[in-house]
Amino acid sequence: MIAFWVLAPVMVACAIAMVMARKAVHSALLLAVIMISLAILYAAQNAPFLFAVQIIVYTGAVLMLFLFVLMLVGVDSSDSLVETLRGQRVAAVVVGLLFGVLVATAVGQTTFGAAVGLQAANADGNVNGIAAVLFSKYIFAFEVTSALLITAALGAMVLAHRERLSPKATQRELAVKRMRDYATTGAHPGPLPNSGTFARHNSVDTPALLPDGTPSELSISRVMRARGTVRDVSADRTLAAEVEDDPGQIEGGDR
Amino acid sequence: MSQLYLIIALPAASAAVLLLGGRATNAWGHLLGTAAPLASFVIGVVAFAQLSTGDEEALTQQLFTWIDAGAFQVEFGLLFDPLSALFVLLITGVGGLIHVYSIGYMEHDVRRPRFFGYLNLFVAAMLLLVLADDYLALFLGWEGVGLASYLLIGFWQHKDSAAVAAKKAFVVNRVGDLGMALAIMLMFATFGTTTFAGVEDGMGEVTSATATGLGLLLLLGACGKSAQVPLQSWLLDAMEGPTPVSALIHAATMVTAGVYLVTRSHFVYEQTQAAQTAVVIVGLVTLLWGAIIGCAKDDIKKALAGSTMSQIGYMMLAAGIGPAGYAFAIFHLLTHGFFKANLFLGAGSVMHAMDDEVDMRRYGAVRTVMPITFLTFACGYLAIIGFPGFAGFWSKDAIIEAAFGESLIVGLGALGGAGITAFYMTRLMIMTFVSEKRWAKEAHPHESPLVMTVPLMVLAALSVLGGVLLLNGWIVDWLEPVFGPEEHAELPVPIVVMTLLTLAVVAAGVVVAFLVYSRQKIDTVAPRRVSPFTKAARSDLYGDAINEAAFMRPGQYLTRSMVYADNRGIDGAVNGLAALVGGTSGRIRRWQSGFVRSYALSMLAGSALLILAVLAVRLA
Amino acid sequence: MNILAVQAFDVPHIAYGKLSPLLIVFGVAVVGVLVEAFAPRERRYLVQSLLAVGGLILALVAVIVVAGDMASNNDGASLGTIEAMGAIAVDGPSLFIWGTLLIFSTMSMLLFAERSLEGGITAFAGQASALPGTEAEREAATKGVEHTEVFPLAMFAIGGMMLFPAANDLLTMFVALEVLSLPLYLLCGLARRRRLISQEAAMKYFLLGAFSSAFFLYGVALVYGYAGSFELAEIDTAVSASVGSSGLLLTGMALLAVGLLFKVSAAPFHAWTPDVYQGAPTAVTAFMAACTKVAAFGALLRVFYVALGGARWDWQPLMWIVAALTMAIGSIIAITQTDIKRMLAYSSVAHAGFLITGFIGAQQGLSVAGQEISSLQAVLFYLVAYGFTTIGAFALVTVVRDAGGETTQLSRWAGLGKEAPVVAGVFALFLLALAGIPLTSGFTGKWAVFTSAWSGGAWPLVVVAVLMSAVAAFFYVRVIVVMFFSDPVGDGPTVAVPSILTTVAITIGAAMTLLLGVVPQPVFELARHAGEFIR
Amino acid sequence: MTGSETTIPWLTILALLPLLGAGAVLVTPSRTALPKLVALGVSLVVLVVSVVVALLFEVDGGFQFVERYTWIRTFGANYAVGLDGLGLVLVLLTTILTPVVILASWNDADTGRWSVNTFFAWMLVLEGLSIWVFCATDVFLFYVLFEATLIPIYFLIGGFGGARRSYAAVKFLLYSLAGGLLMLASVVGLYVVSADSASGPSYLLEDLMAADIGTSTGRWLFLGFFIAFAVKAPMWPVHTWLPDAASEATPGTSVLLVSVLDKIGTFAMMRFCLNIFPEASRWATPVVMTLAVISVIYGALLAIGQQDIRRLIAYTSISHFGFIVLGIFAMTSQSQAGAALYMFNHGLSTAALFLVTGFLISRRGSKLIDDYGGVEKVAPVLAGTFLLAGLSSLSLPGLSPFVSEFLVLAGTFTVSITAAVVATLGIVLAAVYILYMYQRTMTGPLRESTKNLPDLRPREIAALAPLLLLIVVLGFFPKPALDAVNPTVDRLLQEVGVSDPQPTVASDEEGASE
Amino acid sequence: MSVTPFLVLSAILFSVGAVGVLVRRNAIVVFMCVELMLNACNLSFVTFARQHGNLDGQIAAFFVMVVAAAEVVVGLAIIMTIFRTRRSASVDDASLLKY
């Protein structure tokens, strides 16, 4: 079984690397390697059906879901590898080793007779064999897995789906409203000024300067104003004043 | 005789009425209170007559079963035998006189009915003590006397000193009771019964250890009640009570209970030489102890109290000597009852006149204003020092003779005691009635009213004539059914010589006192610089100091440290355990750190341990 | 691919009648999903809650019917049959547990459906996907939107719970474990108030739950490796015959235990319990505390009595340690808790310890002559007693409120006894029951499990249990002290008037707590009648 | 079981009456005297019923008024009640004390945080449960009721009383629960033992007495029971809850706690420890007697050192409980009869002492001895009753506790002179602690603070009078009580297999001389 | 070929996955490690199926995959919710509930 001896070190290495990888995406990809390797090992052990399912369902679907979520979360977010819980890493490794050694020893020390092999069971073909058992002996479990899937779907809906509670306003309604506001309160009907116009920075925390050189409150997000992270633009104002005094400077471009 | 119980019941009922009646009894309480013991006296006389004329050895009455548990049966029975008879008459007779006297003495006290209630309770308890036919019933009276004395000594409770003295009397008595109680238990364990008869029957077969134990335990009880060394300390303090109380306690009732107990238990002591010797030693020591204290006291009541101790010591001594002494012990007890009651009431009369002044140094020349008191007091004086012909002469002389019969040392001690008695009594007489007048200006001594002087006169007469009881050895014969035939002591010298010797010693005491006190001026304030001997005698030969050092101080220290140990030690351990659990809780709840990875770690570690455990179990 | 192979296929025979309780529950759940899809929003609440409660009651009726005509097994000690092609054991204990679960679930559903306390809406998040503190959430709240999906989710969980202890093979059991767990993970995160901790609870529960089921699964694998089958009876045969390697068996056994002990929240696998119980919506906590424990203990009993009964000498020492540790940790840590829900969570850990104590006894009923109590009987009774009490207690927690919703800080409960004597009195009753004071169900339960343990020779464990009960008494008493003997801080708590739903749940809990304390015999008879597990 | 089978379930009626009464009290309108009157009325009715029961009681050693129904078959538990002499005495104590306490506590609950109704209802609940405990002849039933009594008293202590009442209540409860749980372990063990016997599991006393409990098992189980009872009684060194509880609770609660509830401990030692574990009881005797003697002396010494009147009384009770336990485990007919009687007498005397000091304390508002002085002058009746109660506590002959204490000591003396001698020291210490307290509070010069103390009111006198009367009457005529108790004790000793030591000198004429 | 190497490999993968759960802070990675553990179990199932010559093991592996799929959906939904609320996928940040 060359496949095993080739794949096993690879899988173990990948597993360790996956645990140690800085970036979540790398971990996911390493996991994919392990899964595909496993699929091969399944195939090597007379489980062609599982080989297929492993690749299609696990690697293809499950892992892709992981990747989607990773994308959502931010694909290049990387973990700091500094351990914050005191002694956690050492303890984890020690306990993990202990656990692994115990289980591996218990399993490894076991003397198995010669493997019976699946020749008999797979006589009608692996898929048929599985089907025969699955739809008789495990029929109930199989049916119950549907509950699992419904739960999953329902759960995803509950947690992720955002139902619209009020009908969306049409363009027309919005326009009418804007004009009415202008009529009644005098609110500016046009778009709000962008940040940073006539300023030295165009970042969101820099207020736009109005033609008279005063900063426009409206150009800054309400949140930022509340947080007090608005950049001080008094220097820009003097600059703007200078520009006003000497329009030639604008033409002059950067100095 | 079926009316026997009335002897006790009358004063008891009267006490109940007076104590529960409250203010309603103010008008007639004292009369009822006085009538009750007098009525008992009458019944006692009738019974006495019946006993002396009848063939029976004793009159008895079974009332009811008191205690009944398994083999332990205590019948509430009364026994009126010659010994009890004498006591009943003494208690009710002298007691009755004291009641009469109290009518006058307590006239101005708003709580007089209560006082009479207590007195009646006292008398009832004492009567129960002497009439019981069973040690446990005797114990009931015994403690009842203790209670009544507690109430009476502390009658003026608003004075701290009175309250403390009362408590002290009770507690010290309780120490004696301890012996008494243990003696009764030992009787029950040994004989299966606690009746006098049962114990007497069984005494022949007991081991000497048991007999000695019984004897010593009873002696301890007797010491407490009779204020014998080492439980003497309460007696002098007990003078805090009103004077009639002192008279009642010291003359007729309480302190004689110890002598009664020892003589009543003669059958115990006859089986044990050791206990008998102990009684003699206690008697002898107390005799001298009390006499010495009496010499140094300026407080008239305390001087008399010392004398009581001393005289009871004589009785104990006699009782300890054995069959040769029993009858004389009782004889002296009776005569002492007469003259000591006389003396105390006389002293009370003086105090009454002197606005409750008790210091003899502030008396002097009282005879001039209180002739009756003086004369009656003089009778008592002559009786107590053993002036020939007076009651004390006969009884004390008999005891001294018996003491010499016991041993030379004991005899000499008793003789010496007689000398000292003569000394301090003479001193008392001189300081109070003779010498120059030293009383305060405000005092206007006057003779007491008739209700007080009549009892004095009666008692004086008895003090003079008490000796007739010995006429033809009557009292010895009378008591023979109880004590068996008298044994005559072998004296080293003829009786006449003995008597003369005694008289000589007494005379010496009187003369010395005269020489010391009538020739020099007596200070109104006790001199400070005195010999160590005087100092020791003034402080009761350090009896209180010893108690203080040996029991009270360590006791206080013990209780205080135990309170501390209980709070900090046992309760502390409990609270500490709680705190420990709480602390553990506080510590291990930190394990629940809130980090899911820590939880996972604990799970993985748990799994590893489970596997390890399973494998280990299989391998083991 | 031989087409003739089809002939070798056993057409599965499923006795729908006997499985009807399960099928009804799952069916109702599916219908619930459909309702969610098709019914108009404003009708959903009513339909869903009626459907859930009705379905559960129907299932309960079905349980009674099935129990009524259950055949006695030929060994005389058990009754029932194995159904669904060997997957499910419909035997006495299964039915008993089903009945118990259905009753508790019904009570829990009443709590789920409670709307009076939050001013006309349920205690579940209006819109779980809306971020806490945002406009969207406020809008959902003002519009009275509520997640009626909780009902079908709970029904799925109940189905899983029923399947879990009835599963006759480890694979079905594993699937059931997941079926019961997944909806619970979701439900935990759906609190209307304090959503941060609710979501945190969900995540913790989910991660640790997944972690533990991996262990369980690995255990299943190893035991399968040992016995060559998932069927409990086959495993038993293998264990009795000692055919395979004991290393596999022992390791597998330990790992199975990990998974199951996690669900019953036994130390050292209890760590999730306090966090999740505290964070989850209280109705869900009540549901979990009672029903999960019943289901998990049912499974634990079945696996260890039926499949691993022959290896009793191997697992008993292990359980000794676990039991002692669980009781100690639960009782001791609870002492310093300041949050009622968290305290009840630790108390639940401690009770798991007591239950394991009873489980260790491993006394077979009926094999012992006469009336003697069997371990199964004892544990089942305890579960019933504990379930009623704990649901009642958590239900009461929902009623005590201040401006921020439920007020679970112990210090805020000061003076409740004066404010609302009935509420405080009933809560005191529950606490006394949890403490095991006589004349409450807690005492009879404790007595039963202790007896079972002692009969099985575990008397030292009984002594430990007794000592830990004494420790545990402290914090129950402390709550009573706070409620009755302390003066209220500030305004003090207010007690909201719940609708009939919560009232009924509390009343049933309190009544059963008393009833099982005074006349427990009928329940014991039922448990006795249930007999032993079928093999 | 012997005794007459009756058709009327007297004991159940007796126990249920106060419980129903409690319900009635709860629903009567508060803010009037009605709840109090109802409570008093109920307790008086119970008293009457108990007296009827006592009159119907035939003195023989067995259980009477027996009722028995299977309760929890699985546990072997029965609802089995019956009354023997010991139980009768204690039931009477309970029914006598409850009306007294209710009368004495008339105004104690008026200012509490809880309604008057609650207070009196709990009292009646406690009465009912206590009666039930004394009647239980099934170990399981006993245990259940034993623990159930904790609840009313817990609320009584914690709800009404001094500043640290909640601490005291918790301490009391935890102590009791810890003891009770140890007992639970033993109860469970008994089940296992009895299940192995031929008759199957049963908690009936008679079945357990017949069951063969192995020597070492028996000893362990005995320990569980004994520790619980020792906590309850309380004995040194598990006594520290009592001073706190007695000091913080209202006087009435203290009375019910010390006079009735704690008796369950000593009662159960006789009823259960000795009957079920005769061998173990004999085995434990030396240790138990030592502990008892330590309790006697220890309690007395600590009482002397107390500053707080209520704590002082609590410590005296520890001393007295030492006597009771000593009497029980000396195992002679005198000591046990004495112990049984002691339970009754101690109940009376301590009740009197607690109540009268309660009256005193309520007048001045301080529990400290040093805050008083000279009260006798202004309140002679108060002082007089105080003294009488105190004297009964120090076992003055002529008052009922003396008889019991002496019987205990005399009985003990026949088996252990040392124990008896040391315990007898307790009587000296008793004099010290009682009289020292009396001296410091009642005598001496009047204080400014005590100048205006009113004397006892008629209601208070009415509450105390029956107690003091009983104390005096039983001091001289304890025979009725002894007659009730003696046959029970005889049977008990027979069961334990102990016979009284014979007098060393068996006098032939002894019988004749009586 | 003997089954033992497969089983040991499975044990190693399982342990590594378990350690990963303990040391990683990113909830998604933690969850991936759980998946690794499940996969390790599957390897055992398949191997044992070969050893015993029945297909139950393979079916178990199949079930595990289904279960895992459902679990992933639920799990990731929960993780996403948390992430959206807290802007962090670190499991350590979710530690309001403690002690």
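Read from first to last, the chains carry the letters A, B, C, D and E; within each, the first residue is number 1.
Everything below uses one rule, namely that contacts are C-beta pairs under 8 Å (C-beta built on N, C-alpha and C of every residue); 3 or more make two chains touch, one makes a residue touch a chain.
Everything numeric in this text was worked out from a predicted model, so none of it was measured.
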{"item": "Any chain that touches chain D and chain C", "value": "B"}
{"item": "Higher-contact pair (C-beta pairs counted), C-E versus B-E", "value": "C-E"}
{"item": "Distance from chain D to chain A - Cα centre to Cα centre, in angstrom", "value": "73"}
{"item": "Chain A and chain C, separation of their C-alpha mean positions in angstrom", "value": "34"}
{"item": "Centroid distance [mean C-alpha coordinates] between chain E and chain A, Å", "value": "18"}
{"item": "For chain D, residues contacting two or more additional chains", "value": "174"}
{"item": "Multi-partner residues of chain A (each touching 2 or more other chains)", "value": "85, 88, 91-92, 95-96, 99, 102-103, 106-107, 110, 112, 137-138, 141, 145, 148, 151-152, 155, 158-160"}
{"item": "In chain C, residues with contacts to at least two other chains", "value": "128-129, 171, 175, 178, 182, 185-186, 189, 203-204, 207, 211, 218, 222, 225, 247, 250-251, 274-275, 474"}
{"item": "Sites on chain A touched by chain C in the complex", "value": "102-103, 105-107, 109-112, 124-125, 127-128, 131-132, 135-141, 144-145, 147-148, 150-152, 154-155, 157-163, 165-166"}
{"item": "Chain E-facing residues of chain A, complex", "value": "1, 4-5, 8, 11-12, 15-16, 18-19, 24, 27-28, 31, 34-35, 38, 41-42, 45-47, 49-50, 53-54, 57-58, 61-62, 65-66, 69-70, 72-73, 77, 79-80, 83-85, 88-89, 91-93, 95-97, 99-100, 103-104, 107-108, 110, 112, 115-122, 126, 129-130, 133-134, 137-138, 141-142, 145, 148-149, 151-153, 155-156, 158-160"}
{"item": "Of chain B, residues touching chain D in the complex", "value": "19, 22, 64-73, 75-76, 136, 139-140, 142-144, 147, 150, 154, 157-160, 162-164, 166-167, 170-171, 174-175, 177-178, 181-182, 184-186, 188-193, 195, 197-198, 201-202, 205-206, 210, 555, 558-560, 562-563, 566, 570-571, 574, 578"}
{"item": "Complex interface listing, chain B residues touching chain E", "value": "589-590, 592-597, 600-601, 604"}
{"item": "Of chain C, residues touching chain E in the complex", "value": "128-129, 131-132, 171, 174-175, 178, 182, 185-186, 189, 195-197, 199-204, 206-207, 210-211, 214, 217-218, 220-222, 224-225, 228-230, 274-275, 278-279"}
